[in-house]
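The two complexes that follow have chain A in common; it is paired with chain B in the first and with chain C in the second.
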Partner chain A sequence: MMLDIQSGVSRRSAFAIGLFVVVMLVLPLLVNAYVVSVLVVVLFSAYLGQAWNVMMGFAGQLSLGNALYVGLGAYASAALFVHYGLPPWIGMLAGMAAAGIAASLIAALSFRFGVTGVYFALLTISFAEFTRIAFDHVDWIGGSSGLFLPVVTLDHDDLLHLRGSPAMFYYVLLALVLSALAFSHLLLRRRVGLYWQAIREDQAAAQALGIDVFRYKIAAVALSAVMTAVAGGLMAFYDNNLYPDTIFAVSRSIDIIIAPIIGGLGTLFGPILGAIVLTMLSETTTNVSASLGVNGLKQWIYGASLLVIVMLQPAGLWPWLKSVLKLDGVR
Partner chain B sequence: MQAMTAPLLEVESISKRFSGLQAVDTVSFAVPRGAIVGLIGPNGAGKTTIFNLIAGVFRPDAGAIRLDGVDITGLRPDLACTAGIGRTFQVVRPFGALTVLDNVMVGAFRRTTSPSEARRSARQILERVGLADKASAVASGLTLPERKRLEAARALATGPKLLLLDEVMAGLRPVEVDLMVRVFADLSREMGLAILLTEHVMRAVMALSHHIVVVHHGQKICEGPPEAVARDPKVITCYLGASRATA
Partner chain C sequence: MLTYVNIVVAGLLTGCVYGLMALGLSVIFGVIRIVNFAHGEMMVVAMYAALFLNQRLGLDPFVVMPAVAAGLFLAGYALQRGLINRYIGRPEHQQFLLLLAVSIMLTSSTLMAFGPDARSVQLDYAYDSFEIGGLLVDKVRVLAALGAVVGAVMLWMFFRFTRTGKSIRACADNQVGAQVVGLDVKRLYAVTFGVGAACVGVAGTLLLLLVDVQPYIAADYTLLAFTIVIVGGLGSMPGALLGGLLVGVSEALSGFIIMPSLKSLFSFALLIVVLLARPQGLVGRRA
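Our next item is the complex of A and B:
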């Protein structure tokens, strides 16, 4: 008898996934406004991690500049709204296109000239950085003093214009995270997903098996960028303000990659688990250090905790949790 | 009708120089349809370079390579594969984190975009090379003989017209060598698959090859049927040294 390893999400795993979705759906109804705002942070982090995971986790291409695509998505949707009153969803499409084109150009340039690995990562940082500096000098989008969205007080949520309560953003982001989860699952089961993993494992061997490595690598980078731009658009409308120095910040690019690494690179649930654990850790350490009145204690505890997690579970928390909970067939 | 009678692979006076070293020097040979040809020679003779020239890793400085009448000289490795060249690497390169089945599916996807179709043909090939029971094992956990078979299975899955086997027997025990020899002899006979192999395990080369090409210092020194090549004084000289040959 032959066991088909591909078909196999066990009933136990299916139940666990269902339970997770239900809990995420009802959670905002049960908790206070502070917790909802923390959950919004969790979902932003989870989704950005999922998008980064497509290029690094699946295809093995290291980007340390994904803030570039966050910024392009944010500025496209905010500027088109402020100047022309276009709904953010339209602006987001423009942002996705801009991010996709920028990513394809960066990737095509790098891979054509054999810039890979850490050198590719450096190049992604530099493109994010000079975009940040360039945006500081564009008056149309407010330059370095920032772009502000008019704050309106509504008695109802306006989904079309993304004006409303944190709970509305929570549900929009949850839909996005669950879509990214399903999409990633689909990608991994198809030819493109297997090709990406082959490239990640051994590029020369992948090429010898007929894979157009150049094209597939660009596709991974571009897809990751397009996904990332959506989060940028939402972020602009959630925060209501935009500064080149924060949206394109190197520290944002670093934040994006920590959740999927802690959760489990290349896995489906790793970025989500990583985001939950890291955001909770960050909130707890902030509260602890505030109550003790010691400045800088937060960073210290946060850093030490990351170190412990990476030392104990180098492959990430999700593979470990999965085996503890005996969840078969989920990645 | 000329395409039917012409050899499958024609290598015509190819040369390759690496900064100061003439790795391959105007080498010509052919692989007829359905034939198994052995490419032998001492270490450093240029065998792997010839493979890499055929598979598109390097472009020859001069000369031409034709597969099935089509010029494939200097084609990129993925395009050489698409043209019908399947290859294994001397130092095995499995996709370590993937399962054995997924490894072979990567190859099988060259001929189909359907995952179920790729899975089916990957399973058939694993069956052939005797790795079916390892299908769901992670490739990095395989033993060396298993990795060698996986390497061949992956290349076979791309549906090649010509299979290049770069020392797939090295490091195997005699029983395992015999198993591999049988697998490839069967494949060639049943599917009409042409094979070009380099090998240090002479027993395997002699048992498998219909025709043998000997290279030394980047040059072809002789070719012919296995028995004739084994008796050729030039071959004995290059393998064993001049004094022994003349003694």
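Our next item is the complex of A and C:
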């Protein structure tokens, strides 16, 4: 894969990005509450995909257990709020710290013992599952019967305590997605991003060039975890309830990684495009199968669509869309 | 004390069936180097196939077992030939997505065909048991374990004595070398996936004797199969069986001693310890 060092974003591409940002900014004003709730799902999925993309897309480390960090972020912010009344943003910092430490430990253990590739993926699943079952038995956070946030009806949005309308969450998430986009763009151009891509393409060669492979791989995993934990905190306050069996679920870890793969692994816009396509697909199939009343049809169409995409565009939809729209210089 | 022996024996017997299931995964990975993320889903399809034949035709699961295995073999062969062969040598995440799509379609198909409720097979001998010196052993469990052992032995004989089996081993050892001497690697890969699927077919039929079947349990079995082969050693046949026995016993014991909801915690703890202490698995050799 070529590394474009120079910033060669064409006018056309800059216009397209600008248009995308403007559309995302005004969209909630134009659509009904249902569409806003769907857009919130899109943004959650996009951001989680962006976070995973840092680890897998940039540095080539396949984790199948990112739900672990969602859960740590969610439980830290929710539990500190419920028990001590701490604002979620502070709890989120605790969650980010917890996720970063957990990820560093897992990564350090794995890479020190030479656990990579599929084995690393399975190790991350195991840690996520281990934590899920353990959290089921911790009474302080409600165990398997769940942790609930008090719901208050306010006439205004309380950003500090994250109590408010779906539109507020939409804008918080949009800010997060756009920041992650800018941050990823920056990462790819800085030394750390170049090192990651070198490790992804050929770890032995990267090591021979003097890159501290061990440390940079851990950094990618930890950064991804810290970013993921933020989404977990927001998710807890958006949903107002938390269960270990759903927040740490393997299916969540898998959902997290589908969007960036479908969109285009290692690209900047792939996770966002993938999230849009998959959420729209999932909503449409839900509506179609609900109207037909067939159990399981929704998942079947979803699975079949994934199959079609991976067969026709195995490198993802974004590289294809980019060439169709002639957007040069955007990754 | 006798209670514990009873539980260990039951765990060992269930573990034989787990081992055969994991053997299928191990064979597929060992030869094709593809991680079959649809493994548990394939097994649930086999369980439903056996259940369907049992309920419609009134045949004993042991009678329909060859038919289920043959059906799974053909399906696995077709899947590898038509779809997975194109993804050999592609990035892991593309293979993952491909098999994930297949697994979603399999689970939703069973859901559409049989509904979400848990179902079980009705047998006249379901509650029979043997008593051996105070030990009480379920008859179905013994029969299931015997079936799994016979399946594993047949698999071993296939790889050891048949020409196709030897060719497949040659592919696994050295793919380029196998091609040089004129082996049709793509066809052998398809046969391998078929054989792995047939293992799952037998294991699924046997497991139906022990547990209820429900579409959504599939993902748990995929994970369980992974746990077992990693513990035993991915690509090692004795390893898969040993891993199956270990996980069977650990599930049974922790479910009894601590609490049932914690039983998979120990399997995952076992997996983590093995991955870190001996990533090649208990029996496997370091690559």
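FYI, the second predicted complex is superposed on the first by the 326 of 331 C-alpha atoms of A that agree within 3 Å, B and C clash if a C-alpha of one lies under 4 Å from a C-alpha of the other, contacts with A are read in each partner's own complex, and residues count from 1 in each chain.
As a convention for this text, a residue touches a chain if its C-beta (ideal position, glycine included) is under 8 Å from a C-beta of that chain, and two chains touch if they have at least 3 such contacts.
None of the values given here were measured: they were computed from a predicted structure.
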- request: Kindly say whether there is room for both chain B and chain C on chain A in the superposition, answering fit or clash.
  value: fit
- request: Tell me which partner A:Ser323 touches in the superposition: chain B (first), chain C (second), both or neither.
  value: neither
- prompt: In the superposed arrangement, does A:Ala204 touch chain B (first), chain C (second), both or neither?
  reply: first
Query: Between chain B (first) and chain C (second), which does A:Asp136 come into contact with in this model arrangement: first, second, both, or neither?
result: second
Task: Examine A:Asp212 and indicate which partner it touches, taking first as chain B and second as chain C; both and neither are also allowed.
output: first
Task: Name the contact category of A:Tyr195: first (chain B only), second (chain C only), both, or neither.
output: first
Task: Between chain B and chain C, point out the one touching more chain A residues.
output: C
Task: Can you pull out the angle centred on chain A between the C-alpha centres of chain B and chain C, to the nearest 10°?
output: 80
Message: Using only CA atoms and the superposition described at the top, report the least gap between chain B and chain C in Å.
response: 12
- line: Both partners, chain B and chain C, contact chain A at residues none
- prompt: Across the complex, what residues on chain C touch chain A?
  reply: 35, 90-94, 96-98, 100-105, 107-112, 115-116, 215, 219, 223, 226-227, 230, 261-262, 264-265, 268-269, 271-272, 275-277, 279
- prompt: Can you list the residues on chain B that touch chain A in the complex?
  reply: 55, 57, 76-78, 81-82, 87, 89, 93-99, 101-102, 105-107, 109-110, 113, 115, 118-119, 123, 132, 135-136, 154-155, 157-158
Query: Which residues of chain A touch chain B in their complex?
result: 2-3, 5-6, 189-191, 194-195, 197-198, 200-202, 204-213, 266
Field: Residues of chain A touching chain C in the complex
entry: 56, 62, 109-110, 113-115, 117-119, 122-123, 125-127, 129-130, 133-134, 136-137, 144, 250-251, 254, 257-258, 261-262, 265, 294-300, 302-304, 306-307, 310-311, 314
